[in-house]
Structure formats: structure tokens, C-alpha cells
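In what follows, chain A forms one complex with chain B and a second complex with chain C.
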Partner chain A sequence: MTHRPYTPWLFLAPGLAICLMFTIFPFVNMVVLAFTDASALGGGRFTGVDNFVRMAEDPKFWVAARNSALYMAGVVPPLVLLPLLVALLAQKAVPGIGVFRTAFFTPVIASAVVVGLIWTWLLDSRGLVNNVVEALGGTRIGFLTDSTLLLVSSMVVTVWRGLGYYMVIYLAALANVPKDLHEAAMVDGAGPVRRFWSVTVPALRPTMVLVAALSAVNGFRVFSEIYLLSGGTGGPGGASTTMVLLIQSVGRGLTGEVGYASALSLVLFVVLLGLLLVTLKLNRREEQL
Partner chain B sequence: MKRRTFLAGLAAVPVAGCGLSGTPSTGSSATGQVTGEITFQTWSLKPKYTDYVNGVIDAFQKKHQGTAVKWVDQPADGYLAKVMADASAGSLPDVVNVPPDLSFPLARAGQLVDLDETLEDAKPEYLANAWQAFEIPGKGGCYGFPWYLNTGPVFYNKALFRQAGLDPDKPPTNFEELEKQALELAEKKIAMLGQTPSIADFGLYGVKLFDTDEFTFNEPKGVELVELYKRLYDAGALIPEALTQNYTGAGTKFMAQQTALNPGSAYDLGKFKTDAPSLYANIGITTPITNTGSANMFLHGVSVPKSSRNQATALAFGRFVTNAENQVGFAKLASIFPSTSKGGDDPYFTTEDGTDEARVRVAAAKQLKTAVNYTPVQFSDQMREALLQQLADAMLGKKSAKQALDDAVNECNRLLK
Partner chain C sequence: MKLALRYSALLAVLAISIGPFLWQFATSIKGPNEDVFLPDLIPDDPTSGNYAAVADVVPVWTFALNSLGVASVNVTTNCLGAAMAGYALARLKFQGRRLAAVIFAGSILVPFEAILISLFLVMRGLGLTDTLSAVVLPGAIAALNVLLLRNAFLALPAEVEEAAIIDGANAWQRFTRLALPSVKGTLVVVALFSFMFSWDDFLWPLVVLSDQEKYTLTIGLAYLQGTFVQNQRLVAAGTIIAVLPLILLFLLLQKHFFRGVGEGAIKG
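On to the complex of A and B.
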């Protein structure tokens, strides 16, 4: 048996090539472009930190950053708790439970565009929800035309779409909670609620942190929901724009400001990385305790 | 360390994958021999017009032995992204279908062949207003063969007019009547319009949109139009979705009979017939509402990039596709109109046969003689969004009409530079 030192690299080569081409290179390119005034048709001069100075003075950036932060704050708690409750129900070995599991998972695999269209029809000023509201004697609600309600409506869609995905993560984690702990707790006289708080939740804490981190990143990076519900406009007056929507709006088309869009992407990257590092640190501290 | 790598991957954000390259490369000479292979890219013509385009290609190849045209059709979705990627890489197809607002940035970046310079005798073959649409304003040069045009009537819903006690045979003919009738409809909780004014609407109102090298639609007439729309919005004559609606969105609302009036084209009439028969039964057709006497016109063209390795053949093909004979043939299939100076004389565009389609077609063809492509070629997608957002603020009363237009104009002028 001879060991050739390059053999592992041969196995790694395809994956590395793809990673270099589609992740590392665009990322490095984005960092370079963030310091230029590049347009979609190429060119671009080095402009130092001009893009970042402009960002600090750009009200649209602050609106987008605030909305993304609000979005994250709005979707993380329900996305940590609701899928856990659903997973607890879906975990039970009841006949036909597969149907419910599939039903909860369907929004995850459904096309974002289809989901967006369905919710648009539901929440439109003449949509199903408003027709019901009016039939019950209420006045029509501007779910898609009021900038705050538009954000809230998008959050509802995000939670609805994420429910099944995080449920699966929780189902896997629940299967790993040792049965003997539950049995021991039962012997000690613990009821279902006590067992949930004293056995299930501590065992699931790392999973909950993971779900919180994933949903926070996805919440901050939200695009398709708000794009589809606002018809690509970011709400009336652009007041519901989020960070990724702003990047898309600034950088798209032949007249796109690619340099500025890259600078916005870089800031978004740094914010998300910071967020993940904080979550990781918190998780480690808990593990040590 | 491993965890950090994982995190970096997880937090990867959408990045702009454009390089710092993009210097336009120059291909072959425009005066060479018409021979060899070229690629022709169209905007969403398959599968409906496959036979037509193949027929044109066959005819060209027969006329110019030794040529081969490879046809690539791109779907409408993502067309812009495809052109952008090709333009950034300097690899645009030899003949590419682009409307004026797409040809303008490419021409400004020096990527397209100037037809005024290379084919001096081509200009008279096309309608003057169509040729002009592919020029860089103030700088001259023409960067695309005008292809098909469209303009259209204003459609209105007679049933909704009747419901509000308005005479269904007397639709508004000017902006004053539009406001009066819209307010009457609003009293019966019926919305007249589905979108805030587009840049073309400002043009139709008689607002000066652009002067020398800057936008000027914040002039008093522009403010007057926004104030008119504000009154409509406050009364409920403009649907709430208008604040975030584009042209397609407004069209959908009209089809769903949630608005009473919408500008359209001969193509829309066919769509109403198949997709909204109850609307079609009550459809009213009237002339465009304009203060200038000229209707709005939309057009497409084909351009030849400088990077083409076979410019002579590409130019010959571009001219062939857009000649009068081929354009008339296409127009008869697709509810569009030829942009050639001779095509419009065809009896198909001048004789009615009693059907609604023919009535709309003949009226539109007549209208096209004086129609104007109001949307300035410099008006980019980002500018359209800026205008829409500022108008939304004006409608919501967050800003005065004047302030909103000043802000929109400032943003458009900033983006122009």
C-alpha cells in the first residue's frame, strides 16, 4: 500500500472547483466591487469608502436595515416555538399522522412564487380575507397597501412557510431525546407538562439555538415574500423595503449600480456573520454551564 | 476553525457577480461580405411565432447563400438579466432584440453599432418617430432597427359605468372629464383607475419630461397631474394597490373588473375575449386620453453589437427582419404594427371588417402616425421605481405633490449620471 499525497486532493477537486467558482470567487469579487463605482456594464473606478459614506446618508438603507431587523425580531420567536409544538403533535404515532406531517411540510416545497400569489389573492384589498371581513361588518384592511401591515403579512407568510422545515429539524431532535429520561421522570411522578419543561426543552436547547440562528439569518435576508406581496416595489413609497430587496433594486438591470449594491451586500454579510457568532457564543456558554 | 468556515458559508449573501471587465470589444467590419453564421436572439417569441421566425430565417438564408442564422429565443422572465450578463461579458448575440430603454445603456457604453454611420440609406425605410426612438437624445446616432410597434385605445367597463349612473357611451375624452367621471364612480364605491401616473402619462398630460440632459417633469404641469391623482386617490377613485402597482398589475385589476378604465392594446382585446369573457361582453373602447393630441407608442427593435464577429451579415439580417414585407407579415399574426414607412399602407391596417379587433386595429394604426414614444430612453427601471415610490408618498399625504416630484426628479437626475 503506497500513499500518494495528492490522492485526497483528487477527491476534493470537483467540490473545491465548484466552491471556488460559485462561492469564493463571487464573494471576493463582491468585496472588491464594494469599493468601486462599477455599473452592470463593467468599468468602475476605485472609490475607497465612498459607497459606505453614501450608505450612511442614504435614508433607503436605514429604512431597509430597520425593516430587516424588525422582520428578524418578528419571525424568530414564532419560528422557534410553533414548529416545536407542531413537532410534538406530529411526533405522536397516531394513524394517519403522515398526512398531517405532509400537510405541514407542503409549504416548504411549494414554489415561492406560487405561495406569494396565493397569499396575494388572499390578502388583496378585494381578496378572500377582506371579503370575509366585510361580510362580517368590518371595513377592508390594507394588508398589502399599508407599509406596516405589509411587513406583518410577509412575516406571517415566512412563518407559515418555515413551519414545516423547522418541524422536521425538531422531529429529528425529539427522536434523540433519551426515552429513559422520560421514564425516570414519570417514575418520579412528573406529568406531561413537567416532563416537557424539565426533559424535552433542556434536551432540545441546542436545536432551539440552531433554529433561532437559521431563522434569524433567513429573516434578515428575507426577499421573496416581501417582493411578491409588494409586487416587487417594497411597499408604498418603498417603506417596506428590506436589505435584500434594496440590493436587488439598486443592482438590477443594465443601469444597476453594482458597486453600491456590492457595498450593501458586504454590510449585510458582516451583520449576519456577527449575528451568527453571537449565537454561537451564547450556545457555547450554555454548553459549558 | 471549522465552525467559522461553516458560518461564513451560512451567512453568504447575494453577491453581485460582475467583474471589473466589460470593455467593449470590437468585432468585424460592417462592410464585409454577407456570409457565415450569426446568432439572432428574440424576446419571448417561441412557441407562438416559431413558424414565422423560421420562415424569415429561411428566406434570408436563401437570399444570401452561405449564411446560417442560429435563432435563440429567451423567455420574457430574466431577459434583462440575460442581456446584462452577455453585455458584461462582451458576448452579446450578433443580432439582439431590444426595446429602446435597453438599447440606450448599451449604446451609451459604446457596445452597439451606429446604423446612421454604417447604413446611411436605411433611415428612410422606417417611420421617423420609430427611428428616433433608437437615437441617443442630443447626441444622434441610431442604435437599433425599429421592429414592431404598438399603441392602443383606452378600454373601459360599460357595466361599471352603468352601475354608477354614467352614460356608457360617453367615456372621458380628456383629463377633466376623467376626474369628473372618476369622482362620480367613486361615490358608488367603484374605482376608475388601477395605477398612479407613469412617466408616459406625464407625457400624455403635456408635461415636459426631459430637457437637454436632465429630467424636468417636476414642472407646474406635472404637479398639477399629481394633485389631480391625489384627489382621485382620496376619493377612492384609485384602488389602494395603485401605490405598489405596475402596468401588468393594473391590467389584472381591470380584467378582474375592480377598476373601470385602463389603457391597453389590440393584444389585450384578444386576452379579454379568452380570459375575461364577462368583461369582454361589456367592454367599451375609446381613444387615448391626451392633452397633446398624440397617443403613446411602445416599440421593439433589433440591435447589432460591436462585438459581433460577423457585423456585415448581422446588419443585413437585422435590416431583413425589420423590412416592410416581414414586418407586415408579423403584424398580421401578432396584433402589432410595422415600424416601416411603407408597411402601414397595407389594407389590413386601413380597412374595417365589422369586428372589434379590426376596429381597434384600424384606429390604432391611424393613431400611430402621430404617436410618440413618451418614455424617455434614459428612464431606467430604477427611475421608474423612484417615481412610483415618490408618487405613493404624495398619494398618502406624506409629501406634497411638488415635493414628491422634486425628489423623484432629483433621484432620476442622480441616476442619470
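On to the complex of A and C.
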């Protein structure tokens, strides 16, 4: 016997306690509360699917769901493609490349808040970007005051911040692409563009699926960028609000509608789980090919 | 020629990546009479006065201390607690091991945003709302770190411990003296990412804290912007205070950061 029967549980106790109390229990509780009319003060009766019926008729929910879906659709293509291009650029070990890679990663370590505040300042009606626009002969653009432009601006911030992060994932994958494939293609007379599409892209397909999945999940649950760029309001009249902004504004505070917020949370969870399952399925198909 | 093209492209991406930070830094040292809207990176009248001034309007150093405290505790609990759990899962045989592994794996699948409101209720039930303990606890031992360390322990050869077992070392001794020193690399990654995750966290402190004295830097900054949006120099100084420690940490330990992205790609 290498250890007493209870020893493993002593090792596991702190970790299990944290996970059960602050993840598993709240999760189960959220699912239960989604079918009640609980308020911030407690209580709540079982109300069946009332919360979901209300959701279907709630224009705020549809705005938030549409914005979250748009956000996801907007950030996934650039986040799959642009970091790959940056990775190809940063892959070759030219002198000084370490400095460039380090600099490209800097936006990742800065918090979403710092990044959000910097960009709020850049995109302000009097900010640097608008100064440039005006100098080029254009008129000032309401990046943060128009609800659609606010969404697009937030997407740009998300993509900017994701460049370095996904670049690192691509760099790791590129290091595993067999060199002889490139050499063979070169012998066959394929130019760099041709080699990119017929050698690099197929070899990186699984990584691209992973990046698409990660950026889709993170896109659908966007919070900080929109919150900060809109100054906490979710845009003019709440028109740029997203699922997570809606959840925290419905559920928070003394007037918080905990039951309804839980129902919204359950929808968020189901969507994110669905995205994950689709990814797993795509990955499995990749492996079978 | 081709090399020149590559460097121009690299420089363009470099400008896009760190330009905004440089601009923010320039704003933070601009004197009170300078136009903060003019796109000049080098101020005519540089001053450190904004850093002192930001502390006069909000207790920014208290915020920084709160953030530092929360992040330090987070690093300690994650390294120790996750290593303990990971060790048990990887190196000890016992009934219920599968169940324990499933609980950790299941926790990873739960997006934090989905349990936000419910977690707030748990904290209220425990009487912990508006405390820094409430900020620390939910991420104190992240399931992802448990699984990362489990994989690291699994990769160790079995012979190392067999000799120690024959010598009569108990599980705790084998864990602290043999296993833990062998997974240093993974521990550094866990420590760095726990620090960064905690230092940068925004949504949860925003929901669970209301007393300004307990604010962490991230929500302190959002509050600063909401109140003092008129003086952009102060907001800029605040953001530099928030981002500088992480940039220094990153410059010192960048290899581990890059490794961490590969190993923990799931953590968002």
C-alpha cells in the first residue's frame, strides 16, 4: 500500500471544494432558478417555462442575441485569417524577430479594461482616429455614438487584441508543418501564394478550426469591449447590448430579476455548448479525412 | 529587396500593436496646457504630475494594492491547490478518481458568464459580497490548472517514485520533494496565467464589489473614466499604472507566456 485510502481525498479536497461550491453548485442553481420567478431578495416560485415565453416576447433579448451573434460572425473570419498572416510574417527567424513577436503579443497581456480605455480615447469624437479622418478631408465619424458603429468598433478592438494571442497558436502549428512539403511544392514551381493555399492552409486546417471555435465562443460572450466603449450603457438606448451585458443588467442589484437572468444565462450556456460540440464534430471529421 | 518588404510589413504590424500604448503613454505625460487631441507622440512639456494627480481624485494606489493582493493569493492557491489535486489524479490510485476527474473537466465546460448571477447569490449566502475574498474564491483553484498539472505529473516516469516508496516516503513527501520540483515549467505557466487572469479580471469584481475602497484596478479605472472623462491625462496615467507591471513581468518571462498560450489555449 503506497498511501492510506483517504490520502487522495486530502489532496483533492481544496480543489474539489472550490469547483463544487463556486462552479458546479452555481451552475445547477442557475438551471433551477431559470424556471422560477426568483428576485434579488430571494424566494421565487416554480413558474415552468414562463421566463422563456417572456424572453421570446422581449425585444431587449432579441437585440442582445442578435448583437452577440453578429459579434461572433464579425470577429471569427478576421481572427482566423489575420493572425495567420501575422504568424507567417513572424515565422521566419530574421534578425530582431524576437522583438517583433514580443511587441505583437503586448495587447494580449494588457487587460480588456486598459485596452478598452485606450481605444475609447482613440475613437472619441475628438480623438486621434477622427483627427486623421478629418486631416484626410473626411468628416468626423461617431464611432462610439452610433449603435452599429459601436459594435463594429468593439469588434475591431477584439480583433486587435486577438492578433498576438492567435499568432502564437499559429506559430506553434506552423513549426510542425513538414518542410519537405514546401520544398516539393517549390520544385514543382509553385509560387508563395500557391504554396500558401495548397500547402500551408491544408496543414493548418485543424488549427484554424480551433482558432475559429475559440474566437466564436469568446465573440458570443463579449462583455468588456462593449461595456467600456459604451461607457457601461450598452450603446444609445441599449441598442448595442449583448447577451452578457443583458444578463448582468437584468440580474444585478436590489431590483435584480434573478429568475429571468438565470433563464438568459441558460440560453447563453446552451449556445456556447452547441458551438463547442460543433467544433468537436468538425475536428473529428478532420481526423477521419 | 524581399527582406526589406518583410521588415516593412513587420514594422507596420508593430506600429498597429504598440502604437496605441505609446499614444496613451504620451497622453499620460502631457502637461496641463498641451492639447491632448493633437497627434504628437513627444510632448513639448513632459510631466509626471498626472500620476500624482490621479491619486488625488481616486485612491489608485489602494486599487493597485487590492489587485496585487488578489493576484498574489490567486497565484499561491492555484499553484498549490491545483498541483495537489493534479498529483492525486495522476499519481495516486483510488476509488472515485474518475468521478473527481469528471468534476474538474465539467467545471471547465461551464462558461463563467453563465453562472455570474448565481455565483453572486452564493457569495451573498456566505456573507462575502463586497469583500476581496469573494473576488479571489471562484478562481482560486481553476479546474484547467488542475488538468494541466495532472498532465504534467502523468508525464513523469514511474520509477522516480518507486524508489521513494521503497524508502518509505509517504504521499505528501513524494509530492513535495519529488513530483513538485519536476513540474516547475508547468508551475511557472500556471503562476503567470493566474496572475494575469486575476490582474485583468473585470466582469466578476464589477459585479461583486461596490465599496470603492475595495475596488481592484480594472474596475477602479472604469470608474475613473466614468467620473473624470474630461481629463484624459489622468485616465491615461491610470491605465499606464495598470498595464506597466504586466508588461515588465512579460518582458522578463516571455518564453513562459508563449508556452502558456499553447498549453492553456482553452482559457479565455
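One rule holds for everything that comes next: the second predicted complex is superposed on the first by the 265 of 289 C-alpha atoms of A that agree within 3 Å, B and C clash if a C-alpha of one lies under 4 Å from a C-alpha of the other, contacts with A are read in each partner's own complex, and residues count from 1 in each chain.
Basically, a residue touches a chain if its C-beta (ideal position, glycine included) is under 8 Å from a C-beta of that chain, and two chains touch if they have at least 3 such contacts.
From a predicted model like this one, the values you see are computed outputs, not experimental measurements.
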Superposed partners chain B and chain C on chain A - clash or fit: clash
A:Pro202 touches, of chain B and chain C: first, second, both or neither? neither
Partner chain in contact with A:Gly43 - chain B first, chain C second, else both or neither: first
Chain B versus chain C as contact partner of A:Leu277, first or second or both or neither: first
Chain B versus chain C as contact partner of A:Asn131, first or second or both or neither: second
Contacts of A:Thr255 with chain B and chain C, given as first, second, both or neither: first
First, second, both or neither for A:Pro26, with chain B first and chain C second: both
Touch count on chain A, higher of chain B and chain C: C
Touched partner set for A:Leu144, first chain B, second chain C, both or neither: first
Which superposed partner A:Trp119 touches (first chain B, second chain C, both, neither): second
First (chain B), second (chain C), both or neither touched by A:Pro77: neither
Stretch of chain C, among 20-28, 56-64, 110-118 or 146-154, that runs into chain B once the two complexes are superposed: 110-118
Common ground on chain A, meaning residues reached by chain C in one complex and by chain B in the other: 23, 26-27, 29-30, 33, 126, 214, 217, 221, 223, 231-232, 244, 247-248, 251-252, 256, 258, 261-262, 265, 268-269, 272-273, 276
Partner chain A, residues of chain C touching it in the complex: 3, 6-7, 9-10, 13-14, 16-18, 20-21, 23-24, 27, 37-39, 77, 81-82, 84-85, 87-89, 92-94, 96-97, 100, 103-104, 106-107, 109-111, 113-122, 137-138, 140-141, 143, 146, 165, 170-172, 175, 196, 199-203, 206-207, 217-219, 221-222, 225-226, 229, 232, 235-236, 239, 242-243, 246-247, 249-251, 254, 257-258, 261-262, 265-266, 268
Chain C-facing residues of chain A, complex: 2-3, 5, 7-9, 11-12, 14-16, 18-27, 29-30, 33, 86, 89-90, 92, 94, 97, 100-114, 117-122, 126-128, 131-132, 160, 163-165, 168-169, 171-172, 210, 214, 217-218, 221, 223-224, 227-228, 231-232, 243-244, 247-248, 251-252, 256, 258, 261-262, 265-266, 268-269, 272-273, 276
Chain A residues within the chain B interface of the complex: 23, 26-27, 29-30, 32-33, 36, 38, 40-44, 124-126, 142, 144-145, 214, 217, 221, 223, 230-238, 244, 247-258, 261-262, 265, 268-269, 272-273, 275-277, 280
Parts of chain B lying in touch with chain A, wherever the complex brings them together: 3, 7-23, 80-81, 83-84, 87-88, 102, 105-106, 109, 111, 239-241, 243-246, 249, 256, 258, 380-382, 385, 388-390, 392-393, 395-396, 398, 415
